[in-house]
Amino acid sequence: MNALASSPSSDRRSPAEITLIAATYAIVGLMLVLPPVLVFTEALRSGLAAALASITDPDALSAIRLTLEMTAAAVIINTSFGVLAAWLLAKYRFPGRGVLVALIEIPISVSPVVAGLVWLLLFGTQGWWGEALNRIGVTIAFATPGILLATLFVTFPFVTRTLLPLMEQQGRDAEEAATLLGASFWRILWGVTLPEARWALLSGVLLTTARAMGEFGAVSVVSGHIPGLTETMPLHIETLYNGYQSVAAFSMAALLAIMAMATVGMRSLFEARMRREEPRKAETAGGGA
Amino acid sequence: MNLSTTLSPARGSAAPRAKGRRARDPLPGFRLALGATLLWLGLIVVLPLAALAVRPWQEGASAMLAALNDGRMFAALRVSFQSAVIAAILDLPLGLILAWALVRTRLPGRRVIDALIDLPFAIPTAVTGITLATLYSPQGWLGAPLSRLGISVAYSVTGIVAALMFVGLPFIVRSVEPVLRDLPPELEEAATLLGARPWQIVARVLTPVLLPALISGFGLAFARGIGEYGSVIFIAGNQPFRSEIAPLLVVVRLQEFDYAGATSIAFILLVASSACLAAVAMLRKRAARGLVAEGAA
Amino acid sequence: MSVLIENLARHVAGGKLVLDDVSLHVPDGAFVALVGPSGAGKTTLLRAIAGLDPASSGHVEIDGRAMEGLPPRERNVGFVFQNYALFRHLTVARNISFGLDVRPRTSRPSRAEIDAKVAELLALIQLPDLGDAYPQRLSGGQRQRVALARALATGPRLLLLDEPFGALDPMVRRAVRTWLRDLHDQLGLTTILVTHDQEEALDVADRLVVMQDGRIVQDADGETLDATPATPFVMEFLGETLRFPGVVSDGLFIPADAHVSPFSTNAAEGATEALIRPHEVTLRADAAGGAAKRVGRRGPLERLAVSLGERSVEIERPVEAPPSGPVALEIAQARLFQNGKPAVEGNHPWSDASAVLADVVPEPV
């Protein structure tokens, strides 16, 4: 029998398999279980009341509100445009399509601080348009518009990336049938394409949400760190931690981690659901032949 | 509204017979979707990146050269690249073990472990940063026993590597896992029957097949590692020339209002990670082609 | 609704012509089948009529109205896709009513009218109780009928069907075919159907348009196609064909094979090929001929393999006593081709269907 893989016929695990399982538990335990356990232990070090008090502090509340606002705005904008971009790239073939696909992927490979820096180059005090805009009373850098732009950049590709493979696989038959029946563009998008891609869309939206909530580097560069004004939850965590307010920092970290993990957890559920629903093509053609 | 109705039926029937007419896609919405995509892509991605590409040259070549001739910058880039490489290399065996256990063993608690592997993707980097800094600090749960052994992790390059290992681990597992799953166990069984020993199976049968996936996972982890900021800065100690990572130096330069300096580092980081991801994409494409050819044969 | 197509061409990327100067007229009420091997351009032509594949040049007219620049949604043609393209997130009823639901409020029928229309169509496709089901739950034949009902809901007079029987099993096929023909007659539709199955086309359509490599090779009813095929390809595409190479000399076709009798013809002199169906021969006892043996039997017909020296051919005839000795083949009727074109006057593809087979007078031996 094979030393490296379990044989389905044998009930006993081989020594090699036991070693492998032990190593897995060790790695997972040390690298992946300890950190979240530590977050909650540190948060509750002075008791639940202290933890709750630190996340209901005015600056903390304002950070939570700003994070939720920025996340909502980024999700709405990037989802609206991301859906149109996925439609364009999935349903049409045209010159330059490959370039667009590559451009949409770029933000994934960009370091978070670079994603923040680029906005300062445009709107910072030494940026191209920063001063001009300042004179007419528009502030983007070190203010919420800058935070939103940085978040938009960082979460840019997710909706399109999750939708595109599925929408390509679906082909154009249903859309062509709909247009022959007289449906307009919006009707086709809303009534035909998106309902059939709903789980992928939801998954992309949740991924965007998780990343938008947790973004630190990019936002840190453009925010200006004004507590109560331009501090999001991750930035507030940094401020608290650097100010040796460990319990408060970890309480906030625990809240943010719960929010992000819940979002990601929901996404795994939907993705499992998506995999269960066979792709459109396989199904409608499945009659035989 | 609908762009493809701009030609009214009346004008359509009066129009001359189609001769050299540019064929338009019958599915409505092309121009609207193209316009929206170009606008969104232009404003959010192309414009800022254009600024990044143009800005370093704006103050003249001499300013650019001055910015490049900066020992602290090279030290920071070296720290970033070195730590990213070491972390990705150390992640390779760990990721392989996890992927193997998930695919080929009856692992108790498989679903929980499967979910835990994505944890570094899910946890916000700032949370990771302060958590790892606390965990590996000299008084921390892992830092204390390690310091008794004479190993200090926090506030050094070792700390940076530890943080990047955490961040990079899922890339390796998720690259190797699908390939391993598609690999028929019969391959190993055949090798065993032919008299190969376990280490020979690993070296001669499995490694060649898994190599593209391992390289791809390595590339992804490395690309992420060189740009990583939030999970590193709390544990790194951030001493210039020693444990200061390149992304942090970008922030430092910005705080000094040295845009040219910040931009040149950012540019190098962008080029390095883009090149790395492009190489991974190419490798994947080639591997996919190879598999297709194999299946057809 | 009549359809007129003039000089339609379509290039695809790489300059390949998928439609090459196609002209076609389908009068009101006709049932026409586009047939040909895959890649012949049948589906492309159908999609060009619907406006789904824009043509590079040429002209399409439906009911006397030019279609250039008119998007598919304004053409009001019923189209049934090969894989049906049902909306799987909508019930059968909502699939059928889709074309009515998407109309602007001003021209949309009332809810009650739409529901009545759906009920009527469900009855028409004989699925009255499946309105609330989702397409995934239906069998292939049921999906096919739902797709048809959906296409008919907006009241188009022109119905375009792309391989509508392709995904059905043989038992269902025949029933759906008959039903479709009845529907066409009952509703007074004009129907164009794409299929690669010539028997299906012969069964259901009044007229067959045979396509090959983006061109229309022949456009005629089944009888004409069989009697006077325009090219050997048409002949072979429509059924099993035996080919006999030979030469015409002094008013005689002289086959190259051994044991095949020559026959007289008015074709021009030169290399000629005679194409026949397997039953268009008789056997004659001939001591110098080739061996014949029964290789199969179906109903009242039997198949015999006849050795012609170099090769053997399989012919078909009513079952009778096996030949007692060697035989020679006598060709009863044949279509003669020279350089791939019909060799005999009156054997021209565009001539009237009244043209008859090139009568063959066996030469007295």
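For reference, chains read A, B and C in written order, and residue numbers begin at 1 within each chain.
Here is the rule we use: a contact is a pair of C-beta atoms (placed from the backbone, for glycine too) under 8 Å apart; a residue touches a chain by one contact, two chains touch by 3 or more.
Since the model is a prediction, treat every value here as computed from it, not as a measurement.
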Among line, ring, star, complete and other, the chain touch graph is complete
The chain pair with the larger count of contacting C-beta pairs, comparing A-B against A-C, is A-B
Separation of the C-alpha centres, chain B versus chain C, in whole Å, is 55
Here the gap between chain A and chain B, centre to centre from mean Cα coordinates and rounded to Å, is 15
Separation of the C-alpha centres, chain A versus chain C, in whole Å, is 54
Multi-partner residues in chain A (2 or more other chains touched) are 176, 179, 184
Chain B touches at least 2 other chains through residues 4, 25-26, 28
Chain C residues touching 2+ other chains are 52, 71-74
Per the touch rule above, chain A residues touching chain C in the complex are 173-174, 176-184, 187, 191-192, 195-196, 198, 280-281, 283-289
Contacts from chain B onto chain A in the complex sit at residues 1-4, 25-30, 32-34, 36-37, 39-41, 44-49, 51-52, 55, 94, 97-98, 100-101, 104-108, 113, 115-132, 134-135, 141-142, 165-166, 169, 185, 188-189, 192, 198, 201-202, 223, 226-230, 234, 247-248, 250-251, 254, 257, 259, 262-263, 266, 269-270, 273-274, 276-277
Chain C residues touching chain A in their complex are 50, 52, 71-79, 81, 83-90, 98-99, 102-103, 135-136, 139-141, 143-144, 150-151, 153-154, 166-169
Chain C contacts chain B in the complex at 51-59, 65-74
Counting only contacts in the complex, chain A reaches chain B at residues 1-6, 13, 16-17, 20-21, 23-24, 27-28, 30-36, 38-39, 42, 81, 84-85, 87-89, 91-92, 94, 100, 103-114, 117-122, 124-128, 149, 152-153, 156, 172, 175-176, 179, 184-186, 188-189, 210, 213-217, 220-221, 233-235, 237-238, 241, 246, 249-250, 253, 256-257, 260-261, 263-265, 268
